[in-house]
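Lettered A, B, C and D in written order, each chain numbered from 1.
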Amino acid sequence: MSMNAFGHLFRVTTWGESHGPALGATVDGCPPGVPIDEAALQHWLDRRKPGQNKYTTQRREADAVRILSGVFEGQTTGTPVQLMIENTDQRSKDYGDIAEKFRPGHADITYWQKYGIRDYRGGGRSSARETAARVAAGGLARAAIGALAPQVQITGYMVQMGPHRIDRDRFDWDQINANPFWTPDAQAAEGWASYLDDLRKSGSSVGAVIEVVARGVPAGLGAPVYAKLDTDLAAAMMSINAVKGVEIGEGMAAAELTGEGNADEIFMGEDGPEYSSNHAGGILGGISTGQDIVARFAVKPTSSILTPRRTITKSGEPAEIVTKGRHDPCVGIRAVPVGEAMMACVILDHLLLHRGQIGGNRGRIG
Amino acid sequence: MSMNAFGHLFRVTTWGESHGPALGATVDGCPPGVPIDEAALQHWLDRRKPGQNKYTTQRREADAVRILSGVFEGQTTGTPVQLMIENTDQRSKDYGDIAEKFRPGHADITYWQKYGIRDYRGGGRSSARETAARVAAGGLARAAIGALAPQVQITGYMVQMGPHRIDRDRFDWDQINANPFWTPDAQAAEGWASYLDDLRKSGSSVGAVIEVVARGVPAGLGAPVYAKLDTDLAAAMMSINAVKGVEIGEGMAAAELTGEGNADEIFMGEDGPEYSSNHAGGILGGISTGQDIVARFAVKPTSSILTPRRTITKSGEPAEIVTKGRHDPCVGIRAVPVGEAMMACVILDHLLLHRGQIGGNRGRIG
Amino acid sequence: MSMNAFGHLFRVTTWGESHGPALGATVDGCPPGVPIDEAALQHWLDRRKPGQNKYTTQRREADAVRILSGVFEGQTTGTPVQLMIENTDQRSKDYGDIAEKFRPGHADITYWQKYGIRDYRGGGRSSARETAARVAAGGLARAAIGALAPQVQITGYMVQMGPHRIDRDRFDWDQINANPFWTPDAQAAEGWASYLDDLRKSGSSVGAVIEVVARGVPAGLGAPVYAKLDTDLAAAMMSINAVKGVEIGEGMAAAELTGEGNADEIFMGEDGPEYSSNHAGGILGGISTGQDIVARFAVKPTSSILTPRRTITKSGEPAEIVTKGRHDPCVGIRAVPVGEAMMACVILDHLLLHRGQIGGNRGRIG
Amino acid sequence: MSMNAFGHLFRVTTWGESHGPALGATVDGCPPGVPIDEAALQHWLDRRKPGQNKYTTQRREADAVRILSGVFEGQTTGTPVQLMIENTDQRSKDYGDIAEKFRPGHADITYWQKYGIRDYRGGGRSSARETAARVAAGGLARAAIGALAPQVQITGYMVQMGPHRIDRDRFDWDQINANPFWTPDAQAAEGWASYLDDLRKSGSSVGAVIEVVARGVPAGLGAPVYAKLDTDLAAAMMSINAVKGVEIGEGMAAAELTGEGNADEIFMGEDGPEYSSNHAGGILGGISTGQDIVARFAVKPTSSILTPRRTITKSGEPAEIVTKGRHDPCVGIRAVPVGEAMMACVILDHLLLHRGQIGGNRGRIG
């Protein structure tokens, strides 16, 4: 209950269901004076939009965002910004079977158990369509970051699809926008294309790992002990539909390191401290170091598949289920812009929190 | 700022530094009528206490917890419970060198950059000593869970030390309390003992992976979209010192699954739905299914090691640093009771949140 | 910043400006299973709607509310409820003069000083139009109260206009809906009609005092020390536009009482404790007693008047200002349904909070 | 539940009971680098300390405050500051009678109804002793304000005792510390002395009105719509024990004003806008104007009196009660430093919030 919001000062409440009239984000706490318009937000929404290629759901949504409040004469006013996206392609007839049966691996059953009432049309509130609202809010966050700390750059990309990982030696920032998987490894993209094509044809699905990097983030962001930068990133990423794991820097592999291997040694550079490596993912003690912030998350495969699975009905009868709707064979693809949006919201939030301190006495080195 | 608290209704604010007069937890939102006394809390603190064997820091702390408020005649009153632990063994002279140099891989440098003032004695607020307060609060959470949902059992254990993982086929709940590593695999414990002994003697350190399981949790806990049960667990675990990754159920490995492999099929059992497997880790759409809640986190190695590392001083000069204090070669060991405490706080919090709903119309199956 | 929301569990964020495309309320935390539709909400909005008689602004707004999310098949689902009201009559040309000058007694100047950008059209965010969103949210709160505690009745009415107070001996609940001032004193209503007519014709305005009573509220609501029922009511009422004072029970007059005079003596009734009087306004120590909850607030006169006032322009030049727009001579009239809405939101919020407790051990008397 | 904290960024959680081992305040969000020590806090606590003259309770408490965390080498570190006051004079035997009977006008009965368990010793958590913790936190807030905005001055004083009001024409700032009632009207103080002496001897009590003024507060503080400066002040003041009404500027009397009378006309002064009057109490639209912030609150009389009152016992039997403990005939006296403390906390909180904005584009006039 009352739990559809995130952020400390830049506070985003998303609302709306997959097949209701509209969905959106109520953004409270955007600073005044940020230049913004609907076209700037639409740019980010278009990256997430379904139906753009054969690897994403064929549902056709314009995903056109409208700004209903908080912006006047091209600038934010400091009052709440309401971002609304109307649902246009609501073929709810596709979902008839799901109204009575629970999809294994899906939130159908837990929503029912919790609320006793369930909007079965396309998953209702549990649908990944909710993430469109996050991307809209993330677009606003990017605009505000642009005003506060223009050197910050936030980029997400896919580093693993099913068992296939990218080769870090082939990492190329310029490739990310050049393939349908937002991956920096062009060669991996080719292999994934045929792999996913086969999966799609067989009605199956597969998971993925997404990495999101924020470059240019100043040192000092993050508020220990329970609003650490990595704590907030972990919550933000884990709250995305289908995410089952979150990593910062070395992530789970940090368990295998020794103290020597883990220590990013420190040197004095021209503009401040520099580091020999970035095992920490840019965060020490929950506070940014000035290095790249590196977060990763794993997305499980869609539970909506063509292969029959055993399940039960609402009345407890055994049943078999096959999901015929329009679904993504790899939801991880569309999770890339969502991960970016969450990173943007968290970074902005901590930029704002950080401004609350007494100035002038922050630690200087050298 | 103002960010040292976690929880929605069961709200815990920890306070205190490694070498100040005391540290503790202010717990706001504990229900009234929960039987509790200091001995019950001490039981859990003793599991985390340093200096119990050669694998943990030799600092000697009684870690005796006092209840200063909120309990009357052996029961909680519904008012804030103040749990205080006095620091007794504060050999701050050990830390002289650190006052001027930054330890690579440690929060020394970021605290300095953020606050411009730093309590260098033993890491100050960034010290893992803070987790003693969490364990005290977790003990209170366990007591309240005992009153609300007595069937719930929360157990943590180590599943990986450095590169060495347990064998799940040897998993034995009874072994967990029978070795210094809280591991359910007795054979692994033997191997780890000699491995860690070598590391300790060489002044090095190593990471670990901890798993925490909550059994008996009813279906329906968790509040989508940003207070999902897994979202809150991810934040709770990531907020623990030195944690770099968090997983629920399959975790990062979910990326490698297909939709068929990931689907926990559903059957009707005597007491409600049952599942063929638990890839989901007991959580679907952020809401508990009634299966075991399974969370895992990776702890990086301590950055306080004897091997010299290159660093800089506060004035920006290059330097070398060796940390001679009393440190844990594998902080993951003492993170086990801390992980349990965080799980207990999150489960209790969601039990309380869940009670806010309109009763009687929750979904029944069958 | 990020401060446009109120409530602990029933959390309402209002958004929107006087002359933007729309305004509304994002309600997070409404329990599932509450029967609701747009007509039920419209009933309450129509009470606040402008242009209904000569005593309120002649701006013509349909104030038609739409439910965009959180309701499925006539019931709330437990997910966020988005309530949107489109602005239709936006004669912003009326406001040209105000763009450069500050109205004395109005938020024009402080919004400018705070944000450096100001939506001057009709006051932008500081307009009392924002309260339409509160009334919509209050309607939803009433519906949820109806499901949780159907005996609760919430009624607001005017007890003072300018210097003229009602006579408590003539108090008649049935009169409240029978006059344009929502006052229980029919004779006062007659006098106020001619008094206000004169004021309106002269282009002046006047203040008022509103009382809101909640009957049937169970004992035990309220969460000391900083979420007391009276604390939350004080904040809720003071947040309404133009309110300058808030009272519970005896209010400011409590200062004049002696301990003997203030003590509401206690007797045992058939259904529990009864009281000889209600100086406390139904709240002791921040917790409801089971008596009527009685809150009062004073509304200052509109600052938009025809009499010229001295002021300055944005460039600091001295100026004179006359406000010609369409304004209420006594904004207190339309504040009545707003006060009711705030009472409903606070009562529901505390009903939900109260459910979080461990049941069965609450105090019984007798 | 979980409701013992206030503030957005400067967040104070008070804890402790009247007759427990200790009470205190956990302050999360104090900026780093604020010079502070125990003596500076003690100064403010001594103003509130009981037993200083015959007009306050004869309970003898040292009220010595200890700083347990968050301060290092004389400065705040940015981590939580724990302020503890040990209870020393706990004559709980005085309260035997109250364990079974409820005092009319006191929270005894509602705490019992809510929690079903009650610390009857001196009122437990509902005792005004809790306000000692507020004063300690307020002392810290004053120190932080001193670092952020040193021109701000916060002063409270009594303006009414029972039916007797001060004469504003005799207002003299220098008198406030020169009499036991903290009143700026020396002549009123004389009259009140004999009035209260009589009341005290007869075992009765009386209410009072306190005014708190903050001078030097910059324009622009306050965050509409639900964290307005006056909204937060109303909540802060109403949360103080025994308070029944809160006013800003004209307060309840604003109802009697016309638009012409209420308009504080604006002129251009040397340092910015100036006003012909301050009906607004320094706040327009919830945002500070730069004028004095003026808040007032009414305190009801203590319900602990010697005159017998009719009541019931926990078992519902009719009874009579006389309270023999050591009580203040006018609790309003000791509420003066408490009101100052709340004002200090709210002002600091909004100074911190205000810093989160994008700089450079705030409105300039002239």
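A few remarks follow.
In this text, contacts are C-beta pairs under 8 Å (C-beta built on N, C-alpha and C of every residue); 3 or more make two chains touch, one makes a residue touch a chain.
Each chain and its UniProt protein: A, B, C, D = Chorismate synthase.
Only a predicted model underlies this, so the values are computations on that prediction, with no experimental measurement involved.
Ranked by distance of CA centroids from chain B, the top chain is C.
Across B-D and C-D, the chain pair carrying more C-beta contacts is C-D. Averaging Cα coordinates per chain places chain B and chain C 45 Å apart. The centroid of the Cα atoms in chain B and the matching centroid in chain D are 38 Å apart.
Rounded to whole angstrom units, the spacing between the C-alpha centres of chain C and chain D is 26.
Each of residues 1-5, 8-9, 14, 31-33, 78-79, 114-118, 125, 224, 352-353, 356-357, 361 in chain A touches at least two other chains.
On the chain C side of its complex with chain A, the touching residues are 1-5, 7-11, 13-17, 20-24, 26, 28-29, 31-33, 66, 68-70, 72-73, 75-82, 84, 114-119, 124-125, 352.
Those residues of chain D that touch chain A in the shared complex are 9, 31-34, 78-79, 144, 147-148, 224, 352-353, 355-358, 361. Partner chain C is touched in their complex by these residues of chain D: 1-6, 8, 14, 102-107, 109-118, 125-126, 130, 160-163, 199, 204-209, 219-228, 230-235, 237-239, 241, 244-268, 273, 276, 279-281, 283-290, 296, 298-305, 307, 309-312, 314-318, 332, 353-354, 356-357, 361-366.
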